[in-house]
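Pasting in a structure now, in structure tokens, and then I'll have a few things to ask.
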Amino acid sequence: MMATLAELATLVQGEVRGDPTVQVERVASIDQATEGDITFVANPKYLARLKDCRASAVIVAPGVAVGDRDVLVAANPYLAFARVLAFLHGSSEQNPGVRPGAQVADSATIDSTATIYPGCVIGERVVVGPRSVVHPGVCLYADVVIGSDCLLHAQAIVREGCQLGDRVILQPGAVIGSDGFGFAPDGSGYFKIPQIGIVVLENDVEIGSNSCVDRATLGETRVRRGTKVDNLVQIGHNVDLGEDCIIVAQVGLAGSSRIGNHCTFGGQSAVAGHLKVGDHITIGARGGISGNLEAPHQVLSGVPLMPHKEWLRSAMTLPKLPEMRKNLQQLKKRVTELETLLKEDGCA
Amino acid sequence: MMATLAELATLVQGEVRGDPTVQVERVASIDQATEGDITFVANPKYLARLKDCRASAVIVAPGVAVGDRDVLVAANPYLAFARVLAFLHGSSEQNPGVRPGAQVADSATIDSTATIYPGCVIGERVVVGPRSVVHPGVCLYADVVIGSDCLLHAQAIVREGCQLGDRVILQPGAVIGSDGFGFAPDGSGYFKIPQIGIVVLENDVEIGSNSCVDRATLGETRVRRGTKVDNLVQIGHNVDLGEDCIIVAQVGLAGSSRIGNHCTFGGQSAVAGHLKVGDHITIGARGGISGNLEAPHQVLSGVPLMPHKEWLRSAMTLPKLPEMRKNLQQLKKRVTELETLLKEDGCA
Amino acid sequence: MMATLAELATLVQGEVRGDPTVQVERVASIDQATEGDITFVANPKYLARLKDCRASAVIVAPGVAVGDRDVLVAANPYLAFARVLAFLHGSSEQNPGVRPGAQVADSATIDSTATIYPGCVIGERVVVGPRSVVHPGVCLYADVVIGSDCLLHAQAIVREGCQLGDRVILQPGAVIGSDGFGFAPDGSGYFKIPQIGIVVLENDVEIGSNSCVDRATLGETRVRRGTKVDNLVQIGHNVDLGEDCIIVAQVGLAGSSRIGNHCTFGGQSAVAGHLKVGDHITIGARGGISGNLEAPHQVLSGVPLMPHKEWLRSAMTLPKLPEMRKNLQQLKKRVTELETLLKEDGCA
């Protein structure tokens, strides 16, 4: 794909400073860009690197001076970079259809513009929508519904009856609809509770590699519109995860937790079961939500959760603990001596 | 599936209060139940919701009043719910056999009542027992033994020589028998230690989605009867995990740890290598076992582990640390002043 | 495979004490060894167990007395054990070639000595080198390059354009080259940033079961020569992980972190994004690197990181926190009383 700086300016609603006819065909980092590439500087501290940069054009924020280069000025250079990247490097499946070596049940409905790669197994009554691409080894159990423009990477699995909206992306090995972890003690051991609910992934949801979203015991587990889930994340049965959330790698959301919209959970953080979390809650890496958290717009870290800045102070104190303990003991001794002294002498 | 309330009472050894001839065909939650559904109230705080509930019957504990509804009284309503769910919604494979598109080695022995789905690859000398169901994309390496009534979900992997008992369930993407993580420094780098042992999963074990159970270096890694393992759990080489344990998501059990029976490990908790853990040990979420723990019947949390209630107190103190440190410093100053004062004046 | 003690002594550059003609064919643990087995004692505390051991030979360190047994003396018994294990139990694919049921694109180049198992899907222009073995269900996207003597286990996935060196091992379900987790807020929701870079795994790298190595946004994510990665590890986009590192299970390396050589990260530890970590850094289990760490040769634990011994002391203090807090309050009271007393009486 190729474009002039002027065309890209239109794409990102920016302005050209310099020659609008400059041709660019690729996006590259400052250090690796060569002629024909466009690069970007979102962070002023990297401006110095531009001196030796051989890119044909640069995306910068308004008011950023980069000498006499050909420049694409955009209010949000990072977003503009993303849009240009998608425009120049975005690919669409050239050759749709069900490939030889895919196994599709007769009762399945595959849109004629969808692509099913070899090694896929598509179960009874499955529906795959327009322009969706299903990579090798994907397994869709019976009664699964896949919307339009979805991208299911190799060996993603969607179990019986689960539903994906439009533009849903599953990275390789993602598991949608595995049994929730539910067992009833029966006196001798554990009786497995059948998990007969489903999982619903709404439009524009992305689930990372080898992440797991368990089906509900009854009803549904739901991930709402626009939420992005990183790799190796666990989402338990009957979770309701809100819209436009960012769930970083290795997070665990225990069963029946209800998370609001626009939440961001840092890596390895966790939410205990059956909790309510409000909107716009940000949890630092490895933070642990162990109680309801309904007031919106909080930035919290640690276990127990504290406002992030308090947590930083608290954490910085941890290395001092042994010294604090020693001081405390010495102080106790000194105070006792003072007390004795005062009792003994004439002062008391 | 359909049943009368009387039939279900027999199934769960409970009693009918009301009309024993009421027909139910599905289980549903209080909020979603409609006519023909049976619901349950395990937790009294949800009793209020029954007012508007349209279920045909309700499972409750003895002595719980729910007006003039048709009721199934069971000593353990949660267990009764699970049993009814399994009875009404349990499915068995209608159409056993090796499906077209499955690749089975000539030397493999597949019971005539077992089901092998398309896209499976079954290696040399593998044995699959009666009524076991192997979903698409499952790979069984050479010499694997699968017992009877097992359920292997899509893309589960069992590597060479590993053995599954009866009624074992593997959720999608579970990996049984991958190499243990063993390397010997050879001066320049690391020399891989071949892992020639196996994994044994005893009867009624369940392993969650994308969880990993590593094969032993020599001998075996064993998960004992009735133990349930959630998603994304790591079980290292030569681990011996006892009977009827509950291992919640994202737990890590390091190599050669020996865990007793009836243990419960909360999400993201961990056990260091080569440790012994006794029976009936419960570890809170993210707790870390870093030493032997042989005394049974303990409930522990934190790092280092403490009795759960002590851990709660300790955790609650963390936010106070900066203030404690400040107080300590001020106190030190005040005590020094007192000491000086007493030295100076006539008292000392 | 079978060998005399003398042959094994040559293999491990050790010495025979006793009969050099003794035949051994297997390696076994002290407790399970029988005739024809060789066992080893790396740790003196296990010497006692040798008394009842039926092994035909024992690997020990110089100067270790084990009675009148036939012994293989090696400077590093653990390494010698590993080498003997590889020699006696190492297998090489007997029957190379592309097996029926594998789907290989016409434009792919598979070396005649490589093995492609059934159920594999090999994309356009893929190259698989000499003696590499690709197990069932592996998916190699277009333009992937696999070196020589690689071992790709069942359902490992390598996405478009990623490159593996020689002797690389992927355990089952490992995902190489999934999209990095990058999104640009666009005012309403998140705009996905196309990830057009690749992953490079250098020679002798091993990646564990269901671990994920994300492709770079631009450029490459790189894991350098000889580094070993355990199961369920997350390696973010644009990470540069050095040579001969050991990354234990469930570790998370956030995007763009640059890790030096000879680092060892304990289970569930983590590195935040965009950080530099020097050579020979060892991080204890669940330690968290939240800032640059460029000075080499450190052993650190905890959050925040501290020298490991300090962390142990600090951790041991945590259970004392509630008591410390109480003491501090009492002490404050006593000091105040002293101060009052001194003000009141004639001393002040």
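We just call them A, B and C in the order they show up, numbering each chain from 1.
In this text, contacts are C-beta pairs under 8 Å (C-beta built on N, C-alpha and C of every residue); 3 or more make two chains touch, one makes a residue touch a chain.
This structure is a prediction, so every number in the text was calculated from the model and none was measured.
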Copy pair chain A, chain B: interface residue numbering same or different (half cut): different
Rotation, 0 to 180 degrees and nearest 5, that superposes chain B on copy chain C via CA atoms: 120
Centre-of-Cα separation between chain B and chain A, whole angstrom: 25
Residues of chain C whose C-beta touches two or more other chains: 119, 137, 155, 173, 210, 232, 250, 268, 316, 318, 321, 324, 328, 331, 335, 338, 342, 347
Sites on chain C touched by chain B in the complex: 27-29, 32, 76, 78-79, 81-83, 85-86, 89-90, 101, 117-119, 135-137, 153-155, 169, 171-173, 204, 206, 208-210, 225-226, 228, 230-232, 243-244, 246, 248-250, 267-268, 285-286, 315-316, 318-319, 321-322, 324-325, 328, 331-332, 335, 338-339, 342, 347-348
For the chain C and chain A complex, residues of the former touching the latter: 103, 119, 121, 137, 139, 141, 155, 157, 159, 173, 175, 178-179, 181-186, 189-194, 196, 210, 212, 214, 218-219, 232, 234, 236, 250, 252, 254, 268, 270, 272, 288, 290, 302-304, 306, 310, 313-314, 316-318, 320-321, 324, 327-328, 331, 334-335, 338, 341-342, 345-347
